[in-house]
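Next come two complexes built around chain A: one with chain B, the other with chain C.
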Partner chain A sequence: MISAKAADEKLLTVSASPHVRSATTSRMIMLDVIISLCPALIASVLIFGLRALAVTAVTVASCMLSEYVSRKIMKRSNTLGDLSAIVTGMLLAFNLPSSIPFWMAALGGAIAIVIVKQFFGGIGENFVNPAITARIILLLSFSSAMSSWPVPRQGLMVKAVDAVTGATPLAVISEGSGSLPSLTDMFIGLRGGCLGETCALALIIGGLYLIIRKVISPAIPLSFIGTVAVIMLIAKKGDFTALSYQILSGGLLLGAIFMATDYSTSPISFKGKIIFGIGCGVITCLIRIFGSYPEGVSFSIIIMNILVPHIEKLTTPKPFGTPKKEKKAKEEAKA
Partner chain B sequence: MASEKNKVIKAVKQVKGGVIVNHHKTTANCEVVRIPTPQTVMLPMQQHIGAPCTPTVQVGDHVDIGQVVGDSDKFVSAPIHASVSGTVKSIQNIKLPTGNMTQAVTIESDGENRYWEGIKRPDIRSKEDFIKAVRASGLVGLGGAGFPSFIKLSFKEEQHIDTLVVNAAECEPYITVDYRECLDNSWDIVSSIDILCSLFEFKNVIIAVEDNKPDVFGVLRDVASAHDINHSNVKLMTLKSKYPQGAEKMIVQSATGRKVPPGKLPADVGCVVMNVGSVAFLSRYLKTGKPLVSRSLTIDGSAIANPMNVRAPIGTNIGELIDFCGGFKEEPCKIILGGPMMGHAIVSTNHPTCKQNNAILAFAKDDTILKPERDCIRCGRCAQVCPINLMPTLITRYTKAKDVAALKAAGVNVCMECGSCSFACPAGKPLVQHMRLAKAMVKEADAK
Partner chain C sequence: MAEKKSLGKEFTKGLIAENPVLRLVLGTCPTLAVSVAVTNAIGMGIAATIVLICSNIVISALRKVIPSKVRIPAYIVVIASFVTIVQLFVKAFVPALDSALGVYLPLIVVNCIILGRAEAFAGKNSVAASFFDGLGMGLGFTLALIVMASIREILGAGSFLDGISSLTVLFGYSGFDGFKNILSQPMGILTLAPGGFFVFGVVMALANKLAEKKGKTPAELKGCANCPMAHSCTLIDREDACDNKEEKEGAAV
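For the complex of A and B:
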């Protein structure tokens, strides 16, 4: 037993309240995201072979190395421990064809981390999604390597044929020639495309995991995919099969579940999230319907990323109990 | 309350946000133990929100229990009474745990515990008599804030007060004194409500308790029926155990569905909120005339040898209280006055307890390590848990940019510093500290 007097001779810790904290840390959140990406990673290996894993390993390693070196040069603390570089690396790989040369994949990782993330202050400060921006830069720089798609295995037990390249379903729809895979194949991912975007099943499992673990709110994925569904249903004149191809093809699920929900580049408030999701959906559809490029998810997310500060400003909730009349009066005053 | 059909009702409206905290109500089964009279007590002149009192005694004066030792002529204040009988030893300036300086009267006990001869049962004939008596009792909100109780009750006719909310939510972890008050002094609570109802004609009285203390309802109902008190307008309400359910604005919303606007008080939406301990005290005071000279405190935490609930004279040294509970079983690293969410860390146990202190918590080193501060990942958890819809992450940015206009627009002054944002932050940001900085910044700018 220690008496109060004896204890007083030692210095006590003083800090601002609260004196307890939740167990959740940034690292745990990022770890959850990594876990949620694993089903899609496994699916990509099954669909496109071990090269999918190799590409992912290269981008993850490149991201981690870039993060370490760039922060060292900028004399900032080492932030590898928050695992966000691994998440960026995985997401970038998921947005690349499995046949991409390794050096391009590595370059993409460096662009994502150094230019998009660290130049703007590191985690939480980047205003566009690093993985998507890197993908777009690669796409514009090396368009042929970035748009030749290895054909997936024909059935899970057959070996993938690396040499042959085929078209993605969206390109088929856009050009109106070639044959589409069946909807079942689309759902389990047996189609041409970026290595992580094809298996809808795995992406949905990962998304549900994130929602159950409360890492993301379903607001953005649902409003994003919902908007695409509504617009496409109108555009395709109520053809549900065509609609299903639109939902399952391209990077829509990957983008809506994992990229548009990126904390740094999406609004915080619920209303803001809905506006953001709808905006992404509208731009995706405009590009898919009217654009010369068959895929619009990356561009839609990056455009909405840039609008986030404005969405935030418009959707900042009023403090508890602010009278409704005052709200209206303020809005009128603004207008 | 007595009628059989009067069941426990559910909250009218669920409070948004908030966090789930570990309750740690380890002292729930500890009946309140009265400590032996301390050798000396120190009575700070600021034990309430409002103007500090000035000492009305001089060094060398003899005082008895219940004699006024400090009072103020300002409206927002409450008198302070001697909590032991003895001699005034000194009047000196001390630093409160909040960092503010105040005068404090130290009384050396003569061990006789004699009550002051001037103590008599208050003669209540009207509302005004009652409010005067409540002021004279020195009662302040015993839940932690310490707002003088008589002010809450001196509302005007045109405010149309129709609801009394008896706050027994006790949402802060560890603290169990309100729970013990409900179980052990249930008759005081019930009879107080009876008196308050007959004086103020409340249309509704809601006794609100978090759902982790369901036994409270049975006890209160039994007591009410045994004493044949039957107010059909008294309701027992169970609230979801969620911090900060017991905050005034939150409990008003839960109990009535009304929202207290920014910068307003519960009275502005027709409610009076009183802590259950304050309510129970009123009945004892009206019977005996003994002012607020002692109170119950929970003494707990991983460093305390025998956690328990104690009743101690106001102004008892914290160190003495801890020694009464067997001292420390482990070396204490942090000692908190109040609950872990909103309490103040103190620098030494050589401090007096005040009227509004409801707990002393001492923690060993392992329980005081907070997660290291990292960069904000903009996850938005702080905004999600904020019960009053603020965006702490944005406010932190404005604070760093010293943007007072943006801070005001963001509603930083509405923040009640409940601590939910800091609790939830995965990056370990001291958000409440930023909020306080921001408030100080706004205050300073307004003063210019």
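For the complex of A and C:
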């Protein structure tokens, strides 16, 4: 059947785009994200004890179960294989204090997957970050359980005392009383806080891995953290120590590296990413300085998530060869 | 194009198939605001039902007298009179409910359900049909409010029928004041506005599912064809329907 002529034609026939296919799949990306979250998970177990691992296991299991059951009920295909439910579960656990009751953690996982993700169509269709939304719902619902922070273990071998809770550095800063951990402790994560957000070192390692693997672009994390740095530098009148505390405390690194860069809820273009990051930074600072909550990273990300469609509209790249705006307007005026 | 229905049908359609809140998506504002507690929901539902029945009867009786051009102001005057009567009664006999409902009680005047029924039904149908329509729609509104309020109160505040004695005292009984502390750790967000929207969405989906089982089209934003009220809509007759409008606007752009 294949004559020489037909073979020539075959060479000349161009298939419909896309012509270059990459082997990248959602599953591979999610696997990379899971790998990048592992350092922070290990750090959290070292800092807060095995309960941190247990909370993570509960949220991951709850997310996977909710994903499976809700897809089944809605008669849609099973999407457990893309691993996104595991990522959501891990991120949600990282946003919870390690002392949270297990049923609350499980409820959070179900909220993230069923209400925020599957009700809107599943992976890639959610308009806000599921893990962050679940965290905010839990925070507004169970504020006492969500804001009592277990104190990190004193030294790696000593068992953590579950009953003792302490304030987070941000709460200390905003209330102006209590003692702050040293900056080194802040950097390696020996402070009160959500179980995955404390160890800056592990989060930065994970972030670098993602950037090197080209899973995320550094635009959003850098513009987010940079904006917070600039605003806080002005607000703290140039005090670099206070600035470092602001950068290292709360969920800023976790949010900027892992949550704000979620594909389906962040802009596509570079310009859009920068606008998104700056917006997150500004809102975070406004809440930290003026708001009644000591921490504003999660609120800032969810607000900017909602604005993403508008940012995309503003920053749509022009197709190559189209005339500039003024020219176009003039031409139209002439016509 | 209102097809003739039996009076019983006029009554039952308001409960689920054409439930004003869940299927026609009218009266959303009072629904979200009042469905925090079951007691408030019952009070609001009864007040709105009384106004709805009375205004439906009067408007239907006057439908041949009211000139079409000034029908909306005329309807408003009728509705406002009944709202004032109900409001004064509530203030006099159940002051606790009056303070709980606050501005939403006088706002029944501009409640879309009441104005919508006056415009879409009472203005074109007999007094008896309008009475049953008002009763069904009012009960449908109350039902939707109670369902939403039960979910929000039990899960969000951990109580049920809290403060009900302010209503039952009307009948000379005040021994029972609702269940308290059902949940040790209620989900506070459900009593806030976002929780209201969550519950509203979920209950609406359930009502859609129930109506779908009975062979009705789900209430989707797909123009007039899918509207549960399509068979009695005046706008379709006047070719002023949203579908046509969209097409016109599309052509203009």
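The criterion applied here is as follows: the second predicted complex is superposed on the first by the 302 of 335 C-alpha atoms of A that agree within 3 Å, B and C clash if a C-alpha of one lies under 4 Å from a C-alpha of the other, contacts with A are read in each partner's own complex, and residues count from 1 in each chain.
In the analysis below, a residue touches a chain if its C-beta (ideal position, glycine included) is under 8 Å from a C-beta of that chain, and two chains touch if they have at least 3 such contacts.
Everything numeric here is computed off the predicted structure, so don't read it as measured data.
Of the two partner chains placed by the overlay, neither chain B nor chain C lies in contact with A:34.
In the superposed model, A:204 lies in contact with neither chain B nor chain C. After overlaying the two complexes on the shared chain, residue contacts for A:115 are found with chain C alone; chain B is out of touch. Legend: residue contacts after superposition of the two complexes on their common chain; A:321 is shown touching chain B, with no touch to chain C. In the superposition on chain A, contact of A:16 is made with chain B only, not with chain C.
In the superposed model, A:142 makes contact with chain C only, not with chain B.
Once the two complexes are overlaid on the shared chain, A:26 sits against chain B while remaining clear of chain C. Remark: chain A residues 1-5, 7-8, 10, 12-22, 24-26, 28-29, 79, 82, 84, 122-125, 263-264, 268-269, 312, 316-323 touch chain B in the complex. Against chain C, in their complex, chain A makes its touches with residues 104, 115, 119, 137, 140-143, 145. Only residues 16, 19, 21-22, 173, 249, 259-262, 264, 305, 318-320, 322-323, 326-336, 340-350, 363, 368, 370-371, 374-381, 383, 387-391, 393-394, 410-411, 414, 417, 419, 422-428, 430, 432-433, 436 of chain B touch chain A when the two sit together in their complex. Those residues of chain C lying in contact with chain A across their complex are 185-190, 192, 194, 198, 201.
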